[in-house]
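Here chain A shows up in two complexes: once beside chain B, once beside chain C.
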Partner chain A sequence: MSEQVRIPYVAREKELKDLYLPMVAPEDRPQTALELLGEMLKYKRSLKLYLDVCTHCGACAEQCHSYLGTKDPYNMPVARVDLVRRVYKQVFASGPSFLRTWDGAKAIDQETIDLWYKYFHQCNQCRRCAIFCPKGIDTAEVTIAMRELLAHLGMPSRFHAGIAKNMAKTGNNMGNPLPAVLDGIEFLEEELKEETGLDIPIPVDKEGAEVLFNPSSSDLYVNTDGFMAVAKIFYKAGVSWTLSSKITETANFGLFFHEPSMREHSRLLVQAGKELGVKRLVAGECGHGWRTWRMFTETINGPLPFPVVHLFEEVLGYLRDGRIKFDKSMNPEVVTYHDPCNYARAGDLINQPRELLSACVQNFVEMTPTKELSFCCGGGSGILMDEAMKIREALAQPKAECVRSTGAEILCAPCAICKAQLPDVLEHHKVDVTVKGLSDLMGRALIL
Partner chain B sequence: MADLNVNGVFIPLDEDGFLEDSDLWNEEVALALALTEDVEELTEEHWHLINYLRDYYAKFGVAPMIRKLCKETGFNLKKIYELFPGGPAKGACKVAGLMKPTGCV
Partner chain C sequence: MSSLFGWVIPYIVVLLFLGGMLLRIMSWLKIPVPFKLTVFPCPKTRAGAAADLVTESVGFKSLWRGGKGLWFMSWLFHISLAFILIGHFFGIGFLGQQFTWIGATSEQSLELSVLFGTYAGVALSLGLLLLAIRRITSPTMKFISSFADYLVLVLLIGIVGSGMYMRMFHGVTYEAVHDYLIGLITFHPVPLPDNMAFIFHFTLVQLLLLYFPYSKLLHSCGIFFSRWLIVRPHERQVIIK
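Take a look at the complex of A and B:
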């Protein structure tokens, strides 16, 4: 495998062991891959359909930020999926072999697998292509399936596998042990007291609380303004809430590459909610974590014992009921909104954040394109590895131009991945803007 | 990445240039790591930050939240970037021999 193909770094034996994933020798990979693909085609009907129905019309190509940003032909959604389709045509598709060869069939080899690794880690699973595909092909579904297949070939990315391992060990992606989490929370309570003069609690494991709030662990490391804002909002609305000491993570990286990790993450959270006897679970600012709840959890884990709502739905309820009020003048800057892909194209969250923004900022401007047509930040599906920074910068290029043309001073990007990706890549593209979560802005404007 | 040569002793680094084994850290290793981060000299202020990180790491096994790091060292984020151009996580943590913070950061 060439150096270029090893970006992002492939997991090592120690990460594979933790996830019970096998090591597969390079020469055995093609045969094992065929067996895995054959199995997947039996239970993933969407995958089979997407491999069958593409007409190569090319409508997707210019709509993909990955192709626009890298100009690498394999990053056209059609060409990316063709890396699998050609094997499918060779081995699994029906019809006479000469027709299939004519249709692009090609035998699998080690190089094919290296190409899968490289190009399925340059798709952000953003689903923009699916909006433009006349056949409705959703490349994100193919990328999810192929990353799962790669994981079972012993080739998840090191970054993803390490995070899934951290999650399994500590209940958060950063791998913060409970004493560190509690130390951070205690510190933030002191900060809240210093800032507001009020005793605003951040409860942990409070039995019988109405709400179990599940933040992203990065809210307890770097995005602390947003996290403190949530505590203030619950306080002002008079809602009894709690965190769980067992899980402080809404970012479910299992969605990106490993279904067992995704299932276990959701199971742990549901169990935590049940033990605490909460009435509902409120998910924090995290795009794909929200997509997992809205689109996958009930199918994969079974019926939920309580509703799971997004923070924006919850807070909008308070606002409409008059339980909280905002002072817009606290956010006088020009603010634009970046639609996280998993909210706008996979999670039914388009108008709610806009209603909240309109209530808490003075100068809101829309970006073009926007809502379900918005471009990805280029970090989606956990492409946040330092070693992939050049790729991340290229993937972010279309978004950077959209942000630049708004002239905004603040870019509201309410997703932990977007918040991690955008400041670095926008600086690279020389777009002068401050990236903030929606919670941060609501916290600034909240009248306590 | 190549191992770190500290006065003839080779200390293994991962691909991102962080120590593979944080137990191998000492002040000389810190100086060598600082050079990989374009920090030519470790001043009193650098050591103030490094020592805080190491104390926290010894107690909790991870890096502190950025807000706490700033508050308790008295350095704002801008100052930390001046001291370590790689920033608190990728610069300061590396020189202090901590693991690289991972996740959505």
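Take a look at the complex of A and C:
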């Protein structure tokens, strides 16, 4: 397959260089892929277990939004993993070769790698299959491993590689250099002054602050209402807080395809926190960034000198202590809540946002299915490429129907990727709803 | 010839089965788990995680969350299989006299043993056939099925079919099987019961055991290891307030 027609686009040489990833000639890829897969099977127990214990029962098929939305049989989680399993059975599984042939063993070729590239970029790593699989097989684990493998074959998506490069160079995914970041922050401070008449600061690199807040960089430019709301909440609660000029990004794209990038991202933030001497790190609205913090910190960074908490946990503490108050009447619309996959299934944030919502909106309706059974928005794992718009629309179809049937006017989707994906695809599916973060709603209701 | 089949091969089969399973389980355990893969909401304690494994392996909780049809077929099959394996142990081990422990007479106990065995056999056959029909008729199932998936069904249908045949039409006595198996266990050779249905049944079971460590039947053990990855309680870093 020509590199030009792949969707999403494959990274070019310059992006690979930035991430120290090799170029591998197409004819060498099958052999290199086998070596990489062999290595992964030595340090990821989940991968080997999942390749061994699947019974092809098909319980996952009808639960995967990717299959429901695209109707492509390779998008059934079981079939997706079978693309790897057949190579595993051929080369790595134990037992006589005729038994492995019966299990569908097939030698690896360039077409296999093409299929890997295509279908592991149509999995959102949402983990819904893990809830319905009786063996608890989490296809996201396989997708993460296979994207990593593809990256080391010189085939990460151009979009992911570009974002990881931005992060490495500027400390944010948007690739904005520090002067631009500081400019943006100054502008937001002026906006706050105009809106509230108060001097609400957005401190940067304030040593000895209690909280280091780490937003998604998109909140600094696109979803600015949410970011300003956070500043207002800290101001009202009387908490000394700061941003770091070294890193203004909680969305850790390394998780999706490149472990070294993930580690470096985490290390950078922990270092920033240590240098500023903060008491805790507060992560902003971002699903997979939160998963990395909540679940992977211990492995990546070892024991931290301070805890990492989510913005919702932090604000809920203020609310329960009576340090801030909300006026529900500021949010009179019908609001429904979209559980970002990496909050609900992967990050243990299910009831906290609901408690906040019920305090700051008048009409809250639950979606069906909801909480840990919620469908992904279709943008998960960074499937946000413009060239993949057709796929994104198909992946979002189940979610769009869920949102439509609530009849809500506002869809609260407190995750940077959901916020980037949902407005576009819901418009395509003709669902008339405004997508907002939870911070936006809290900011509107906050009594200053 | 019959001493080979009745006296030598079964030992080899059992050794290959146990050795194979042990190697497979060890092959999982020696690989590290670098990241916490918990799926929430999750149990808070080890006891809770153990309870999850029980509800999953006895009640098939995850399947229940999805389509109830698959849950029914699968649960019926596995539960009756469990009953039948237990029934084999008690029925053959105690010659059908196990119900005398709860006050039945010797004849009543044998009748109960036969009755339960028959019912469980019917349930097992039903579950197995439904699963087979599902796999054969659904286009999506066809897409994800490999030869091995059908082969396991055929082996099981052969085993269950011959078992039911012995039960309904042409039985061997508990005593004959009892004597043979006790002979095997105590290393005192006794000839195989002279019954084609039994030999067929016994041979297929051995084939299944040989295939077991290299097939999807591994899920019987693997489920506890793979579920543990997503349900084990996760200690969070302490939050200082």
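Here is the rule we go by: the second predicted complex is superposed on the first by the 444 of 448 C-alpha atoms of A that agree within 3 Å, B and C clash if a C-alpha of one lies under 4 Å from a C-alpha of the other, contacts with A are read in each partner's own complex, and residues count from 1 in each chain.
To be clear about the criterion, a residue touches a chain if its C-beta (ideal position, glycine included) is under 8 Å from a C-beta of that chain, and two chains touch if they have at least 3 such contacts.
Source: prediction; values computed, not measured.
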*asked:* Quick check on the chain A-based superposition: chain B and chain C, clash or fit?
replied: fit
*asked:* With both complexes superposed on chain A, which partner does A:Thr112 reach: first (chain B), second (chain C), both or neither?
replied: neither
*asked:* For the three-chain arrangement built by superposition, which of chain B and chain C touches the greater number of chain A residues?
replied: C
*Return first, second, both or neither, reflecting whether A:Thr297 touches chain B, chain C, both chains, or no partner chain.*
second
*So, A:Thr336: does it touch chain B (first), chain C (second), both, or neither?*
neither
_Looking at A:Cys133 after the superposition, I want to know if it touches chain B, chain C, both of them or none. Which is it: first, second, both, neither?_
second
*asked:* For A:Thr250 in the superposed arrangement: first (chain B), second (chain C), both or neither?
replied: neither
*Have a look at where A:Gly175 lands relative to chain B and chain C in the superposition and call it first, second, both or neither.*
first
*Which of the two partners, first being chain B and second being chain C, lies in contact with A:Glu387: first, second, both, or neither?*
first
*Nearest CA pair across chain B and chain C in the overlay: distance in Å?*
25
*Once the two structures are superposed, pull the chain A residues common to the chain B and chain C interfaces.*
none
*chain A touches which residues of chain C in the complex?*
23-24, 27-28, 31-42, 56, 60, 62-63, 65-67, 70, 74, 138, 140-141, 143-149, 151, 211, 213-216, 218-219, 222-223, 225-227, 229-231, 234, 236-241
*Which part of chain A faces chain B closely enough to touch in the complex?*
9, 159, 162-163, 166, 172-177, 179-180, 183-184, 187-188, 191, 216-218, 220-222, 224, 251, 286, 384, 386-387, 416-417, 419-420
*Touch list for chain A against partner chain C, complex*: 41-46, 48-50, 52-59, 61-63, 73, 76, 78-79, 82, 93-96, 99-104, 127, 130-138, 141, 279-280, 294-299, 303-304, 306-309, 317, 344-348, 350, 372-373
*State the interface residues of chain B toward chain A in the complex, per the touch definition above.*
15-16, 59-68, 71, 90, 100-105
